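Chains: A, B and C, in written order; residue numbering restarts at 1 for each.
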Amino acid sequence: MHHAGGDLIDAAPKAAARLFGELRARGPRVHCITNTVAQAYTANMLLAAGGVPSMTLSAEEIGGFVARADALLVNLGTFDAERREAAEIAIEVATEERLPWVLDPVFVNRSEPRAAYARTLAARKPGAIRLNRAEFKAVAGFEPEAEPDGAALSAYALDCLSVIGLTGPVDVVTDGARTITIENGDPLMASVTAMGCAGSGLLAACLAVENDPFVATVAALLALGVAGEVAAMTAHGPGSFAAGILDALHGLKRDVLIQRARVV
Amino acid sequence: MHHAGGDLIDAAPKAAARLFGELRARGPRVHCITNTVAQAYTANMLLAAGGVPSMTLSAEEIGGFVARADALLVNLGTFDAERREAAEIAIEVATEERLPWVLDPVFVNRSEPRAAYARTLAARKPGAIRLNRAEFKAVAGFEPEAEPDGAALSAYALDCLSVIGLTGPVDVVTDGARTITIENGDPLMASVTAMGCAGSGLLAACLAVENDPFVATVAALLALGVAGEVAAMTAHGPGSFAAGILDALHGLKRDVLIQRARVV
Amino acid sequence: MHHAGGDLIDAAPKAAARLFGELRARGPRVHCITNTVAQAYTANMLLAAGGVPSMTLSAEEIGGFVARADALLVNLGTFDAERREAAEIAIEVATEERLPWVLDPVFVNRSEPRAAYARTLAARKPGAIRLNRAEFKAVAGFEPEAEPDGAALSAYALDCLSVIGLTGPVDVVTDGARTITIENGDPLMASVTAMGCAGSGLLAACLAVENDPFVATVAALLALGVAGEVAAMTAHGPGSFAAGILDALHGLKRDVLIQRARVV
């Protein structure tokens, strides 16, 4: 694993700040195929950051929605026939239209059929894949007890030709050539359902306004982590925190993002 | 377009205050066919105002739920076979039982099949249709670039025999003969997913307790706009605002509604 | 009805405090078959208390999810073919694996097909059934006008071999032999959608860490009632209350639970 050099690390927070300014200015349309648990929070996170979410799954109309969108999210939580048909059409249209898309293989570590399906989607070159460590091991074919290192993550990114955004107490972003670690965030993020799913939606919005998917992925995870820290300052628990992170993302100041960034 | 006279305008805020008192006192049952993104927020808005929501889509039981309800909402967000079958049964029962119903043609501007379907429903005489400007143009057959004026809106209302509630920075309500403009609300309302959808649910509840659908539509949009202004006073962003508007609607005082109303 | 003796009543709050400590320490996996209105709030309540929710309904994978879970929730809100197929598989696996499960027969008083289906599930020995008074009458075969007393509730519990958690302004828990009444809670709980459904999810988590389903049911309803009282102290209405109850449950202190308990 070639860790990113000092220049890249220094540039990342400013690039993220610029990108979130773009996002507010341009209001990209993000079509989301996601599970029903995560839909409302994902839509609210996109709106808070300045994006325009849509969520239909209907085979009759999803092609039209994706064709007019600026990015696509494919989240596998709730793995049903309807969503798989929708994903098939949506990814085909996104590929034709050269639309960036994000794969979020939720809970593939809990279901082998879902992991197998995720592998077929990972092979279709999503711009980015966002997942946690257990999901990474399942989708990349490691045993649950394995402890894959940074080199394994980079190799997987090269293999998929996708940027990998591995989230957890510390986030790691790699495209195989470049790797950045983000130490922002708050433990309460793990106590709000759909936080990761919504983060994947935010990442899709970032891909819509930034050509380099590595920079977009760093920006999305960095901004979400900083928003989490800002929200935690006034939250009384996970309920007020869930609302607070939307508030923080909506009002996120350039200076706060840059000053709080802990990128290594 | 005949604009409403001064008497009607003067009477509207008081009529809205009376109607929301009725709503709390009577607790009307509102059956909602709506998209999964909007379900929870719609249910919470109905509960906050004093209504009793139900949301089943099952063909086996939706007829029974609608028959025992006081109003019906048909929202087209997420346009799937299950919801269309549910809508068919629900509208038939509502028509038989003379139950008022609201049509919310979400995102018809993004999907021609959805717009075509919305037109067939608009022809079945909903008590009210709530939509934004882009949706109005799509459902009424205007080109996206067209700028339909108040006369076009009135003509459409007369054509449908429905009250039209057009929402946006300023809301316009018309039944063809009478027109009122409501200048309440807050920009944060556009940053919360399902705000319009939930407003349509609230409108259905108002139709349940008020025989004149024009008065009911003015009341629903006015109360929501005022609740938005009250919520904005203490909100820190769209997350706390989404909760705050439920708080404000739940505690909405007669005097506050009347004093803050900006109806022209 | 044999009311619980003083010893049992004295012990209940401490048992609840111990059980919620266990829940945080062990983080049980709770698979939830629930309606789309309730999914996000149920997941957030489980996370707030320390549980790990999953929610898939896919026939292909639900068996695997349930087999690796520690408890199961079957909620009948939204009564559709997909959920019935999922419930069939899930209950079979839960029975085989001796996994405790909760039945929540939402709105059976509004739909006879749903009530009939609930009766077939109640016969399959859920660890606990959580419902309100109207739902109890429908599932137990009383007329809507009937006023079944405590003896009828106990008889039903004995008949099902399940613990009954009857919620309302006052909650009653019985397994037929033991009965406890819980006087905690706040009226705002009735103004938040899915509060009861989420409470059933919390109850499933309690069953996962406590062998006596009577104790688990008392603990779940007591903790939720106390969290409601704590949340009501700072809430401004149902929106902030919905978030506040998650905060309160997440931070619930042993002493607060014991001191506020009103168990008789």
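The rule is simple: a residue touches a chain if its C-beta (ideal position, glycine included) is under 8 Å from a C-beta of that chain, and two chains touch if they have at least 3 such contacts.
The structure presented is a predicted model; accordingly, all values stated were derived computationally and were not measured.
Superposing chain A on chain B by their CA atoms means rotating through 120 degrees, a value rounded to the nearest 5. Of all residue numbers that take part in the contact between chain A and chain C, under half occur on both sides, making this a different-residue interface.
Averaged C-alpha coordinates put the centre of chain A at 34 Å from the centre of chain C. Counting only residues that touch two or more partner chains, chain C has 36, 40, 242-243.
Chain C makes touch with chain B in their complex at residues 35-38, 40-41, 77-80, 107, 110-114, 190-194, 235-240, 242-243.
Partner chain B is touched in their complex by these residues of chain A: 36, 39-40, 43-44, 47-48, 53-58, 60-61, 64-65, 68, 82, 242-251.
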